[in-house]
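Working notes, beginning with the structure itself.
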Amino acid sequence: GCGTGSSTPSNSGQSGQTQPVTLHVGADTTFPPFETEKNGQVTGFDIDLIKAIAQKENMQVDLKTMDFQGLIPALQTGDIDVAVAGITITDDRKKSVNFSDPYYHSGLSILVKKDNTTINVPDDLTGKTVAVKLGTTADLMFSKKPGVNVKRFTNISDAYSELQNGGADAVVFDNPVNLNYIRTGHDNVKIVGPLLTGEDYGIAVRKNAPDLLQKINDGLKQVMADGTYDKLYQQYFGDEPNGKIKH
Amino acid sequence: MEAWQSVFQNSSMLIKGLGYTLEYSLYAVVLGTVLGLIFALFRLSGSRILRALGTVYVDIFRGTPLLVQIFFIYFGLPQVLPLHQWFGEFYTVLAGAAALALNEGAYITEIIRAGILSVDKGQWEAAESIGMTSYQKMRYIILPQAFKRMIPPLVNQFIQTIKDTSLLSVISITELVRAAQIVIVTTYFALQFWTAVAVLYLIVILLLTKLSQYLERRLQVDQR
Amino acid sequence: MISVKNLRKQFGEHVVLQDISVEVAAQEVVVIIGPSGSGKSTFLRCLNGLEKPSSGHIVIAGHELTGHKADLIEIRKQVGMVFQRFNLFHHLSVMDNITIGPIKVLGKSKAEATELAEELLRKVGIPEKANAMPDQLSGGQQQRVAIARALAMKPKVMLFDEPTSALDPEMVGEVLAVMKDLARDGMTMVVVTHEMGFAREVGDRVLFMDGGYVVEEGTPADVFDHPQQERTRAFLSKVL
Amino acid sequence: MEAWQSVFQNSSMLIKGLGYTLEYSLYAVVLGTVLGLIFALFRLSGSRILRALGTVYVDIFRGTPLLVQIFFIYFGLPQVLPLHQWFGEFYTVLAGAAALALNEGAYITEIIRAGILSVDKGQWEAAESIGMTSYQKMRYIILPQAFKRMIPPLVNQFIQTIKDTSLLSVISITELVRAAQIVIVTTYFALQFWTAVAVLYLIVILLLTKLSQYLERRLQVDQR
Amino acid sequence: MISVKNLRKQFGEHVVLQDISVEVAAQEVVVIIGPSGSGKSTFLRCLNGLEKPSSGHIVIAGHELTGHKADLIEIRKQVGMVFQRFNLFHHLSVMDNITIGPIKVLGKSKAEATELAEELLRKVGIPEKANAMPDQLSGGQQQRVAIARALAMKPKVMLFDEPTSALDPEMVGEVLAVMKDLARDGMTMVVVTHEMGFAREVGDRVLFMDGGYVVEEGTPADVFDHPQQERTRAFLSKVL
């Protein structure tokens, strides 16, 4: 990307540049509260975080929304510089992209109807129908694990609909999103059992750009150090402690 | 190279997906033909109410995208009817086949209607003049003659249906497109897999097109 | 056998039959002539219920033709119709064309219907064509099959609408011969035709229609040789 | 009740989605018409190579599902070409419009070809007999006459395109279907929102159908 | 003006023109007659490059017609053609039908072309129809516009393929009158027609074609009154 928008005020810490560099950010907007679209505005924890990091590094965010499946390919081709979409750091993905330091501690949790008494621990899912989002870690995990009937949907909302409509016994998805779902007026569902995985979200950065990775990590450190991170965390996740990265 | 190897390794998955594609297409065309026959007769009937019903059916299902119909049936209807409870696991298959069949049925209605109307008026009158009831006239005289002319457009509609089946991917039916997506999210070889998928569709559809052209030619010979 | 009273038929604004009253006795052969557009076909089609009269009464073989569906089908079983353009069922063999009515409409057995069909095919002179398809026949042969198909319903009345006018001249004779046989056997017939020879030979009565009226009627000799009306004379001078 | 209120509250989002739907449909039909014209002329040209090119284009894009074409162009092509770098943000719009246009173009090719072939042979010969070049003949004599007959099928193709636009939802273009999905994520009133979406499509498409019928009738009057 | 040597034309296996050699001098009017299917139209169409000869040579106004595209277009500018079915451009007004060739093909200005068209419309007797659309004209008027359209290209030769045979009898005269004028003005013309009166009055020479050959040729008086060949006599006895 090339620099644009000289009118944007730049208040960088260390770099003396006045011309902000454009950071092309890819995001998937169907992942509340990390990213969601409201009245045409993309908002969410991830979005505010990357903006904060970019500000620290004197970069200007150019946001581009795309399907989750398209994020890593877009990084590979250089369409975007970084992707924030609650992307779990995995060894598999590390072959294709770089990851920043973790910014959120997550894991997969199991969401079931409140009146469900048969599913209490992960092993209870055997023989049951589980709705997941196509291409997510839950999808990849169950694909390797026989005995679970997996239904894959393009949007997580479709997976939740499936649960509500009775087409699936459980939804397995990233814990914070499941929590958010309960919080946004759906009190007929609950989270059961321990997290299936302990995993971290990282900012995916395009390969062969060590400088950029360095900048992102540096910015993340600053944001954590100056309390911005804590403020944003409180704003989006309240007192729920599991996700916060200790710093 | 690695990419094409990956395609080759996952080919059984794609072929299985193609199997589902053809299976759903067949369900949809068979059911759609039944629906098409019923609604075509409605549209041609003497009853104003039946005619209106036929028109509404055709207008709704040809006037909205199949994707919306699929979402409506699969995600919308279970909100008001306990369809998953009634049909269990089978509801996905049912909803997919039903959405597709209802959609194709609307197009087939118009194919059958046109086929019936293409039968010479003299045939209708001759059938009436020997005292046939409306049912007998349709069953023994008009439909057998209309049917022959409907075959080529029906084969074309079958081709359309095969392509439409790809939309069932959105409700987790692992037909060809969804099968490819599942492989691509682990391999990332989008270009190669989509090429392979396109080739599979092309083969099936070009074969059917040839069949349709052959039938059309045979029909013209018959009508000399 | 047929009694028509004050029959009137209009399509939208256009009155095609103004006021027709005609009686046809059993075994009578009535020939209808008249210029194009005078309503001859429409009149025949009313007799068979293919068109619904706008007003008036039609009684055939004791049944009043009211337009009720069941009633219409009953009447049509009593009344055979032969069209100008044959209208054989293209997808059925000659045999099936003839037997489908008796089997499906009258509920006869296939064997019985086949036997009757064979007899009728002999009667119309083409027993060897039983298994042919309509498209393989000449126009004259097709029209004879059409007559056999109508006769297979054992109708009390036969209507013919210009049965020979779509035929090449060399085939007209063979169809007229079949119709003459029929008349001789005592069939009640109403025939629209411009074959004056036929009318003279087998017609008991000739009706001349024009502008939706029966303008003149009488024996063939009367009408052809001593027409009373100016319009009849004008028409005959062109046709004869 | 709450559900319909929610639909009402989010109606501006849906209307905006419908706007994109119409916008993309328009791009696709305009570009598709250009493509259709070029490839129709290819298919009718004297050159065997151009004719083959035209046939291959039509066969490929009518012989595979639009969904696969969209995935191929949006996810597949950037694997070998730095399309995202070249076009940046704009590539989503471009890929969506291009996939749609290429697809519709194949159908429009056949519409234009049929329109051109429907012009009486005498018109071609008369144009040749006054010494017109192939280009002049097409431009001044054949196309103006073919065009009139192509309008009703082109309007029908436009209707088809509007429905096809729904597939752009899979690459996150917020046309009507995607807009509805986004709202449903937070509200979960699937049934009501899909109903509203269906009604919006129906209104637009029925209006266009009426237009097409009107044009068809006017055309028939003109050709008396 | 026209020189045809050993022209042969076949469609697939079917040889339509066997071996035709014809010379037409400047200002000459040649009339071609012959039975249907004898190859008259095909011959004319070869002269205009609408059909490509299978073998033989055609030279028109000094240009050899080889089949090269640019060459073909050049020849067609020299040769006007009038078809049996008029073939006016349906979407253009009478004026535009006539001016489109001069403007687009010859590159004349619109004003110049319009002036010429007006003159030609006066010549063919319908100056008042300049703004009519072809569908609003009678057959005879359409054919006269077609002649004007061809003349607007200022051709050296005019070809007519049965220009009056699609016309109602009452319109034949008006078209022949225009053609006679043309002949009188010294236009070189090749006319396929069965109007023997026209042939006698303005034809310098008559060719009788049959089976792809020119079977007989001579002055109208010779060919019509003293035909040498049996086939010519047979044909004339049917036509005259």
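Per-chain numbering from 1; labels A, B, C, D and E assigned in written order.
As a convention for this text, contacts are C-beta pairs under 8 Å (C-beta built on N, C-alpha and C of every residue); 3 or more make two chains touch, one makes a residue touch a chain.
Protein names from UniProt, one per chain: B, D = Polar amino acid ABC transporter, inner membrane subunit; C, E = ABC transporter related protein.
Only a predicted model underlies this, so the values are computations on that prediction, with no experimental measurement involved.
Shared contacts of subunit A and subunit D, meaning chains that touch the two of them, come down to B. Without subunit D, the contact network of the other chains breaks into the groups A, B, C | E. Traced through touching neighbours, the fewest hops from subunit A to subunit C number 2. Of all chain pairs, the one linked by the largest number of contacting C-beta pairs is B-D. Chain geometry summary: the mean Cα position of subunit A and that of subunit E are 81 Å apart.
Inter-chain centre distance (subunit B to subunit E, centres taken as mean C-alpha positions): 56 Å.
Subunit D has its Cα centroid 22 Å from the Cα centroid of subunit B.
Our note on geometry: subunit A versus subunit B, Cα centroid distance of 39 Å, whole angstroms. In subunit D, the positions touching at least two other chains are 75, 79, 170, 184, 190. Looking at subunit A, one finds that residues 69, 73, 76, 154, 161, 164 touch two or more other chains. Applying the touch definition to all chain combinations yields A-B, A-D, B-C, B-D, D-E. Only residues 13, 16, 74-75, 78-79, 82-85, 88-89, 91-92, 170-172, 174, 181-182, 184-186, 188, 190 of subunit D touch subunit A when the two sit together in their complex. Residues of subunit C touching subunit B in their complex: 48-50, 73-74, 76-77, 79-81, 83, 85-91, 100-101, 104-105, 135, 146, 149-150, 153.
Interface residues of subunit A facing subunit B in the complex, by the touch rule stated above, are 69, 72-73, 76, 92, 96, 129, 131, 134-135, 139-140, 143, 149, 151-154, 158, 161-162, 164-167.
Partner subunit D is touched in their complex by these residues of subunit B: 59-60, 62-69, 71-72, 75-77, 79-80, 162-167, 169-170, 177, 180-181, 184, 189-192, 194-195, 197-198, 201-202, 205-206, 209. Contact residues of subunit A toward subunit D in the complex are 1, 24, 28-30, 32, 36-37, 39-40, 62, 64-67, 69-70, 73-74, 76-80, 154-157, 160-161, 164, 184, 186.
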